[in-house]
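Lettered A, B, C, D and E in written order, each chain numbered from 1.
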């Protein structure tokens, strides 16, 4: 599915990623965790084409997508959400979803049908004609998921979608993400909210200072001392 | 050869004034993200102001300049407070429209107040044209160039080395942030706009002894100021300075190397070339030193 | 002991919609009070209202016993009301260092807790490593850290933290929560807005529960922790959209 | 035509399209003011067969493209003769529109011959043709050459700095042509053209001329340029033996006060008119009288040839209206204009005066009787020095 | 689609009222030439040109958020296309118009591709495009083909629809302009609502980064929008040329025109389709009204200009984002917009202002 092979990224002198390799399988949730500044978002930016690696390759179903433009990468089936959401307050919910539906849909009707389907699936239908700016944050996150799914993607990159949600809402979103996974999409999820990681992650990749320090199930990685000390802290003893 | 030095001399002196004008525009833009289309007309404010007073001696000239510049500053303050401030939040670049219209209004106001075309004041500088490197330079231009340079340096000191400067930069980067750390941004804005207007007026005062003034000069100056800022790169005051000089030289050269109005297009094409090669302007953003 | 913040019939608008509806809320001086509530409950709106950058209407609005209605945001900040906003609001083109400085350059009006640069860096070593980078290039979590550090550097008397743990690694969250507890010991009044209600209640002596723009409960953390309301009311699903209808 | 409401005592409407604002305002404002002055005088003197003349003025904002629309509009308001439009570029479009709308357009002072082009059916140009043998450019050259020859130091080399717009390219052609034809042994070293819109400092141009050090320096430009060129020349510390300036810039009433008496002194210019001209034999109005009236009417401002020509245009219009079979019919006014014939220097029977040598429009629409005037600035005044019949002083050469 | 469907679209009172107004406006526009004198028909034509200019500018400027000053070049290219090809070389004018559109569109695409190097900094886009226009103007001013400083004139006497020329009677040209404008509006409306390209514009305007993550090729679509927008602008230029029968570098390339388009679109409401048109017609009417004081001295003329400026300033200073949005807001207050009305809404403007002041950061 998605294969990241030995990618490295520098910003000026600062080595943000050094020789990172991992895979993400369809129908699986791969959680990407690690301390702040470990390079998780950077990694996502590399995969989604917002940055080009200084070294290494990124392939999707064997097709090399290294350094492709974001729009092209999306065309290949990579949908993503943003950690720091930009200036989207004015945008209309329905349009957002419909827009990414055009990846597979070719006609106006086609796109709208997909959009309607997704909005109903994530029961956002009542918000369809609202602007992103005036719906609750949790809903915005779910719209992000809907947007991603409307693209009928091969892989969905979620950058901290749970951040700022209440436990209750986290559960709601978790359900939605499950739904996506069960639809056979490969999901790569950056999370600091362990509640979500525990619930969803089939595989956990722990990133620290630009390198992968551990992979495996949540249970396994949380035994890893470096992970405990660098990331989990008290959360380890739970 | 002599013509070449002449070109350089003229270009540099004229360019320094453009730089000064551009600087005012740059300050207002970088702090408030307002594109002040009326900027050139603030320069006219200085020119017509002195024309109106009509000083004959150097002391008279200086006194008049002080007064006129103060008035221009106050005017800028009022404009910001009454017209700009309340439109900053508005979409559709409302301030753009307002400043354009303001410029228009000023242009026709001057037309009414000063019907006689292309006036200027008697040269106030106590020395007359002097020889530099074999080329003669009018005293007015020389004084204007030198003073502009000094002022430009003064302004950059203000922005990068003083507290007010860091407040300006804070507001320019995140208004919300500024509010959260307790900066009274309205005050900063008004001060900045007033400063910009005052600088423009000074430039006007320096111009009027040798540059006949007429109302439509305003738009020309605005455009030149824009060019200076863009070529200079909107992040750098040094860029603005060098861009001004470049424009000055280009003009001087164009006026005799290529004939007729091809000179104009030559300048703009050069300008276009510069921004194509260096979209971020001549000088990269000066990495702001920790003040 | 006096009250740090007191509001009565406090309403806040966003654009044309009244998000927070006549709330009564008190923060006793020198205590750590939590404000919890589901997403879109209006916590951030409430805070921005208090800071005065949103449209508000208040029956009473007192800061340290002084009526501050209609006061401008910057005056409040300079009087020691410091907010660490949810969106962080850093100066992207300034270095980490400068972001902390712009504060220092404000003069010493706020008579609150004073943090030296070193103390701040001890708190967030990560920031020291990045101290000469532009804030705009920081990672999500690093931004949060910088925002909090800046807030502390502002020498607050009343510190309002809007979801300080947002996007932070668990280990960092621990250290921050520890710090917050620490500084609250120093007698600094703190309003802590958190999603993670259990953590918030664990730290606060007292808490207010905000739902759909209204305070539905104010009580000691202990009482709240085992109140049924927590289960039902707080964990209730997000407000239905048709409350504001369709455009 | 509007015969219906054109009752016998209703005023006769005369349209003026002028640049009241914008770049050409210095010309436009003065022309409208002057024409109004003339109309007042005419109406006082009883108007046209008892009918007053009414001026309908519109501002073309110095935009050529607006002129045709304005003229169409005037025609729509039953205006049957129009004056305009303040500068060559503005009038070129006006002329085209005049022929298309079939409304007579009187062009008092706007210089360029392009206004007439190959010839027009409804356009009448009062001012001397630039390119004509008797035009002010050619006359200017003859004047300085004559001066230098009489001074026993004939000009050998000339240098030209000329604006690239308006009437000046034509003027340049005429200057160069006259030198070539009539003074073959004078060498025109070089010709520089500059763009008035963008040239803010003439230092480099002057320096280039200075390097060539010609006897005669010819300059062509509108006020904004002339007002900067002469100070630059002054600053350069060099003076040619003679400077030959042009209509518009050098003859503007502000020229001397703006560039300073010293810089201006001795400059020779092809001109339209000067207050120093001898009054016409039978003229009730004198050049100086016109200046005084104008000053009085427009708080102290001083007119120049531009105004004088528009004032004179009053006489031409009056003449035409008198002779027209039907003052409410455009074609008959056109016909009457073509037949206008005013002879004699500075005099006509309307009590106004004609600044040129008279009026007699040819088939194309040029004023065949018009002859260019040449003045030299001598102690602060524009003194007529050429042609001899109007000259009241001899040219000073070298100028200092 | 069926009539009931059509009616169903006007579900709120605001929409219904505006629909009625639009219909009335169209009817008036058609009847106008038959009820007024010919000078006023000319004014009407100019008004349509203004409207067309603003509208076409707005496709790039408002809908896509590209604050362009290159459109004056488009306008000029359209004008010079007929001037050079038709007046000088005798092409059929309609072909010339198409050629003008093509060239102008090409310039639009080119400049957009170049400028996309600036990222989305509106300030730079505006000034970069301005520079381009000035450069083009400079070339036109010194190139013999464009008539240099003197410009080009239509000396032919051909009249009629084939030549798109009626020397004395402005009515036919008026209707040509009206028809073309109508076509442009319908086409644009359809594009923005129905096509992927059209729907993507809003995303590009609001957040290009996010747009890219949704498979929108930002650079390409920006270029497309600029091309379309400038291509259509050229039409207004061509029509204007056929009206004035004179084209010179500063009659069609002057920066004032570029600014006028931008200002017009913005005060009308650059987020709306109707705004720029309303503003265009309004401005033309205003200028006419002001000119109709018998402008007999430079002062009167200047005063009217000042008055014009002041009106615009007041409009923007006290209006929200443009005339049409203001109008809609007014209707919403009067008739409600489906939202439950907040009693406090109208109660305190000052606080509203205060909040907005910061809200823009």
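The criterion applied here is as follows: a contact is a pair of C-beta atoms (placed from the backbone, for glycine too) under 8 Å apart; a residue touches a chain by one contact, two chains touch by 3 or more.
Quantities reported herein were computed from a predicted structural model and do not represent experimental measurements.
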#### Entry: Contact pairs, highest-scoring chain pair
B-E
### Message
From the centre of subunit A, which other chain's Cα mean sits the farthest off?
### Response
D
### Query
Farthest chain from subunit E, comparing Cα centres?
C
#### Entry: Geometric centre distance via CA averages, subunit C-subunit A, whole Å
28
## Note on the structure
So, in whole Å, the Cα centroid of subunit C is separated from that of subunit D by 77
### Message
What's the distance between the Cα centroids of subunit B and subunit C, rounded to whole Å?
### Response
43
### Query
Multi-chain contacts in subunit A: which residues touch at least two other chains?
none
### Task
Would you pick out the residues of subunit D that each touch at least 2 other chains?
21, 25, 29, 164-165, 195
### Summary
Shared-interface residues of subunit E (touching two or more other chains) are 141-142, 148-149, 298, 302, 305, 358-359
### Summary
Per the touch rule above, subunit B residues touching subunit D in the complex are 2-3, 6-7, 9-10, 14, 108, 111, 115-120, 122, 128-129, 135-138, 141, 210-212, 214, 216, 220, 251-256, 259-264, 267
### Message
Quick check: in the complex, which residue numbers of subunit D touch subunit E?
### Response
20-21, 25, 28-29, 32, 55-59, 61, 63-66, 68-69, 72-73, 76-77, 89, 92-93, 96-97, 100-101, 114, 164-166, 169, 195
### Message
Per the contact definition, I'd like the list of subunit E residues that touch subunit B in the complex.
### Response
62, 67, 114, 117-118, 121-124, 126-128, 130-132, 134-139, 141-142, 148-149, 255-256, 259, 262-263, 266-267, 269-271, 298-299, 302-303, 305-306, 308-310, 312-313, 316-317, 320-322, 353, 356-361
### Summary
subunit C residues touching subunit B in their complex are 51, 53, 72-78, 82-83, 85, 87, 89-95, 97-98, 101-103, 105-106, 109-110, 150, 154
### Summary
Touching subunit E in the complex, subunit A uses residues 48, 50, 69-71, 74-75, 79-80, 82, 85-88, 90-92, 95-96, 98-100, 102-103, 108, 111, 147, 151
